[in-house]
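By written order: A, B, C and D. Residues from 1 in each chain.
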Amino acid sequence: MHPILDYLWIIPLLPLVGSAINGIFGWNWSKTTINAVALGSTGLSFLCAIEAVREFLDYFAQYHQPFTKHFVDWIVAYKDLTIGFDLQIDHLTVVMLLVVTGVGFLIHIYSTGYMAHEEGYFRFFAYMNLFMFFMLILVLAANYTLLFVGWEGVGLCSYLLIGFYYLRHAAAQAGKKAFIVNRIGDFGFMLGMFLLFRTFHSLDFHTVFEAASQPSVAHESLGQFGVLTVACLLLFMGATGKSAQIPLYVWLPDAMEGPTPVSALIHAATMVTAGVYVVARSHVLFLHSETAMYVVAIVGCATAFFAATIGLVQSDIKKVLAYSTVSQLGYMFLGCGVGAFSAGIFHLMTHAFFKALLFLSAGSVIHAMGGEQDMWHMGGLASKIKVTFWCMLFGTIAIAGFFPFAAFFSKDAILFAAFNSEHGGKALYAVGLLAAVLTSFYMFRLVWLTFFGKNRYDEHHVHVHESPRNMTVPLMILAFLSLTGGWFAFPALFGGKDYFTDFLSPVFASGETAGGEALHSLELALSGVAMVAATLGLIVAWRMYSKDVKRGPETGLHKLLYNKYYVDEIYQAVIVNPLIWISRNILWKAVDEGTIDGAVNGIAYGVREIGDGVRHAQSGNTRSYAVWVLVGAVVVFGIIFWPILHPVLFGGVR
Amino acid sequence: MNASLAIFFVLAAVAVAAAVSLILQRHPIHSALSLIVVMVALAGLYLLMGAEFVAAVQIIVYGGAVMVLFVFVIMLLNAGEEEHTNFSKLAAYAGIPMAVAVAGLIAAAITRSTLPPAQDPTALTSTKSLSMLLFQDFVYPFELTSFLILVAILGAIVLAQREGN
Amino acid sequence: MSEFLHQYAFLIVPIIKVAILVLVVLTVDAYLTWLERKVIAHIQARWGPHRVGPHGLMQPLADGLKFIFKEDPMPANVDKPAYFIAPFVALMLALTSLAVIPFGPQKFTLWGYESSLGIADVNISLLVLFAITALGVYGVALAGWASNNKYSLLGGLRSSAQMISYELALTLSVVGVLLIAGSFSLREIVEQQGTSNLGFLSWNLFGFGHGIGFTQIIGFSCFFIAAIAETNRVPFDLPEAESELVAGFHTEYASMKFAMFFIGEYTSMVAVSCLATILFFGGWLSPFPASWTFTYYVPSLLFIPFGLWMIYDGIHYENIFGRIVLPGIGTVLTVVGIALILFPPANHLLQGLFWFALKVFIFMFVYIWMRGTLPRFRYDQLMSFGWKFLLPVSIANVVLTSAVILWRMH
Amino acid sequence: MIPTSYYLILSAILFGLGMIAFVFKRNIITIFMAIELMLNAVNLAFVAFSTAFGKSDGEVFVLFVIVVAAAEAAVGLGIIILTARNRRSLNVERVDLLKL
């Protein structure tokens, strides 16, 4: 009845097959063949995803419940631990599914152009397909364990792709950094999973959420540090790792060492949003614990502002976009934190569109500049690469949140939710608004530095040229999407209903903070304020960068910002170095060499000594051996004949 | 003190004496002769017990084959008087006491244990019934021993042949 | 006196029998030497011993005296005990082997103690015989080793190897007979050969006593060849091959010790011949069917003409001594022959012994005959013949016989 | 009638003498003979028991023992010949190394 739903595993399987084929046989294949395999698998899984969505909606209309299917038992370890390879689709998954496969597909197309002249072409696409596979597993998983598999898998692919230019030391370092920092988050995530299992004796979403929504559990978690609180915080720790929130955001900017399409796909559109997805997925748990919600909201809000400030002064075009990604993710968490999960997911989707667009455009610019990434060596490109310019401009307007572009709706929804969330909502709103101003400022700064003013590069070496068709077409599609992506919420402006929220309502029905129609006028007002903020940013940027500017000396605050608050150095000093010291001097020297090796060697030495002592019994003299045999015989006979003999020997006694 | 008891004591005395001489003789061939005497005496004891076949086999195989082999080897290696080295202190001091202790334990156990009354030798099964037992109840072990012999022959050939041929 | 005899008859009678047997055997051995020399001489167209007594009949006596009175030198640093024991072992075992051989069917009672012709009548006599033969090796081996002489050592080793090699064939060749008889007792073996009324056809050699297919000709051939080898006779007399080992293991022996070896050899020849007679030639049974009572006069028919011929021949002898002695012997023989006719019980008593002796005599003659005829084997030929031909054939004989028996049982 | 225990005692004595010979003698061949002596003592015990119980199993076992002893003699003497060739000595105390 539902061909794809019944074989849901086909969707993740396709990229995996593509990855395997490319990875194993691609090494001496022509680019065309590799493209065919990579794009074919991704595109097919995109189509399958669309079909799956259609079938799911049909299915939902019938049964009014998420579709879950158990395929095979994976782990059957303990009487109540049975983890199957279960996939599930509900409305949240639908959004993620379409975003991942769709945007992924576009970026694949783009990559065929961007990576055309790179070494390891087949390797790149094998990794990309593998990433798609894991990401799909992540979003389709019906239990935390399988989700964790995808979670780790995307981490692995991110590591591989960041370090794609593994000959560059910086790239390799960045890859390792991303991996390790993620490990810290995953550690928390696993603890959270263990805690959940210990509490609910299961890891299936359905079971856990059912149990969690029991009043008893809710009651149990009322103590602000009940089980659920801790579990949620731990899960959120994982989310901060994966989604680059304070304090674990440091890896994302470095991740820009990877190829630009990677930055677009993994570090903007899909993977980094996994954290948000998890939080949204577990909203049932989060809603039980106000503390956790607060933490999420505050961390998100803080990250949004903090990263935005850093973004203000970066000179590397991709670094700017990286920090903007961090801060946008912060927005998403803010949304989730204040209970507007649908708003968060909404922003996730729109952000996927426009941030992918921005990154790809940046990639196109870099491509045009022949690998130059420093904005201070660009300028005046608008006339030379028109398509890229317009797409970039679209993206900028979209992220800045001008009407009627995507972020206008999504960011608004978040800010509005924050505004009228109880206790302290106003503060969150204020910071969020400030971050919005900064966002539009640094984005327009980027545009001006890149495309306007007189060119600050050497004409003779750099031959600026428009990117090929297979790069520009995805740009246009994404530009269109980032224009229209937000229009689901259009009617809400005029008192209509927010289709997106409506669409997700089956998932988040439980705990959406009411609002909307009730305070319709207020929402309009806040939208206005947001517009003003964006415009403010635009004007400031225009004032500062429209006329050609020299790169000023970094001093004071500027320097502090430019050096990212020295966070990396602080981490290095406070965490990394002590860890290395402990590992080297205590764990290695004392524990390993001293205790363990010492024990082993000591045993060996003792054995040798004993053998050296006993060896003299092995004289090799047959007669001695014979006597030993006799001794043994005496003992054995003595034991056997004891009952008969002891009257003989000790008859006299008693 | 009937005749058979007398014969027993005579044979037993001969056996023990020969065994002692086996120990005391310096030259291996004299030890071998003593051992032959022991075996013949034992054969006589078997006859006394009515185990005629075993007695005959004892002499034919042990006396006629095994010991001949020993004598051969002694002649072949032209073994002289044995030298009384005492490299093994253990054997020098503890050896004989230990052996005596084992024998004593066994003897004590025998004297202490209750044995079935001896039966009239004439009542013992004849050679025919022995062969029945051997070729019906114990036929597989019997065949196995033939294999064992075969293997032993091969082993002996392999061991004793010179590297040349 | 008589009750003393009755009380200890179980000791006295055997002692008497042993004494008689030893005397007889020694005499027989002595005159075997005479016979051997005579026969070989005539085979080689010589006279042979002719000086001492008529036809050299006193020669054995002279030899014996010579053996007794000769000096007995002992080589330097021999292994004394072994050197002394060896000849005794040889002789003793040879004589002992005769102990279990039954010479006749009769059982007689003396002083209330029933006994038979033959020293001991054990029911595994054959096994005992083989056991003793098996020990026979030591005499030779020890002698060869003790003499401290390389030729002797070689001879000793050779004969020991030869003996144990052919012992197998000897034993196995008899198994066929045992299977037919179903007993180890020589007496029973002989008796079951006489069960049918076919005369010599029922002997194990032909085996018609039980019907077609039991013939032991193969067995007998193997047995006889192996027996010759056992006794170190031509053509298997390598241990004492004068030409290569200067008389082998008894090179260093002189006088009485040498005589012991000599007697031992001839005794074992006799023993083996007796065995062959018993196993294959019906022992004391006459070659004629038992129903032909007139055949009881065959001994007389041999004795009387031979005696008359001796008288006739004797009176023409060149010296006076012979002219007296030979006719005397002839007379005795004739008288015995006539007496046998006149006194049937005595005749009946003697029948078994006569036939037994006759068969044994024939075997001895064959021994001597072969010595006069055949050349000596080479050592490797000897070994390969024993192991690669004789042993397989005798085993085949065993298999064949048992197969036939099985076939007959069903 | 001779009590069974007499035979057993005798076999124990012979066995003990065998053991003494084993530890006392130095010549490999003689030591081997000592083993044979012990086997014989055991055989005596077997036959004695089979007589005592009036069953032939003991004798059958003796036959097996004899066979095994024969095989053992064949192999063992082969080894002894080899040893004597390589070591130029029959004294066990001089043969105390696994390889030359």
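As a working rule, contacts are C-beta pairs under 8 Å (C-beta built on N, C-alpha and C of every residue); 3 or more make two chains touch, one makes a residue touch a chain.
Computed from a predicted model, the values in this text were never measured in an experiment.
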| item | value |
| --- | --- |
| Central chain (distance from its CA mean to the mean of all protein CA atoms) | D |
| Length of the line joining the C-alpha centres of chain A and chain C, rounded to whole Å | 112 |
| Centroid spacing, where centroids are CA-atom means, of chain C and chain D in whole angstrom | 37 |
| Centre-to-centre distance between chain D and chain A (centres being mean Cα positions), rounded to whole Å | 83 |
| Distance from the mean Cα position of chain B to that of chain A, given in whole angstrom | 87 |
| Shared interface positions of chain B, touching two or more other chains | 53, 65, 76, 87-88, 91, 95, 98-99, 102, 106 |
| Where chain A touches two or more other chains, by residue | 619, 621, 623, 626-627, 630 |
| Sites on chain D at which at least two other chains make contact | 19, 22-23, 26, 93, 96 |
| All touching chain pairs, where touch follows the definition stated at the start | A-B, A-D, B-C, B-D |
| Residues of chain A defined as touching chain B within the complex | 619, 621, 623-624, 626-628, 630-631, 633-634, 637-638, 641, 644-645, 647-648 |
| Chain A contact footprint on chain D (complex, rising order) | 19, 22-23, 26, 31, 92-93, 95-98 |
| List of chain A residues in touch with chain D within their complex | 619-623, 626-627, 630 |
| Partner chain B, residues of chain D touching it in the complex | 1-10, 12-27, 29-30, 32-34, 36-37, 40, 43-44, 47-48, 50-57, 59-60, 62-64, 66-75, 77-82, 84, 90-91, 93-94, 96 |
| Chain B to chain D touching residues, read off their complex | 4-5, 8, 12, 15-16, 19-20, 22-23, 28, 31-32, 35, 38-39, 42, 45-46, 48-51, 53-54, 57-58, 61-62, 65-66, 69-70, 73-74, 76-77, 79, 82-88, 91, 95-96, 98-100, 102-104, 106-107, 110-111, 115-121, 123-125, 129-130, 133-134, 138, 141, 145, 148-149, 151-153, 155-160 |
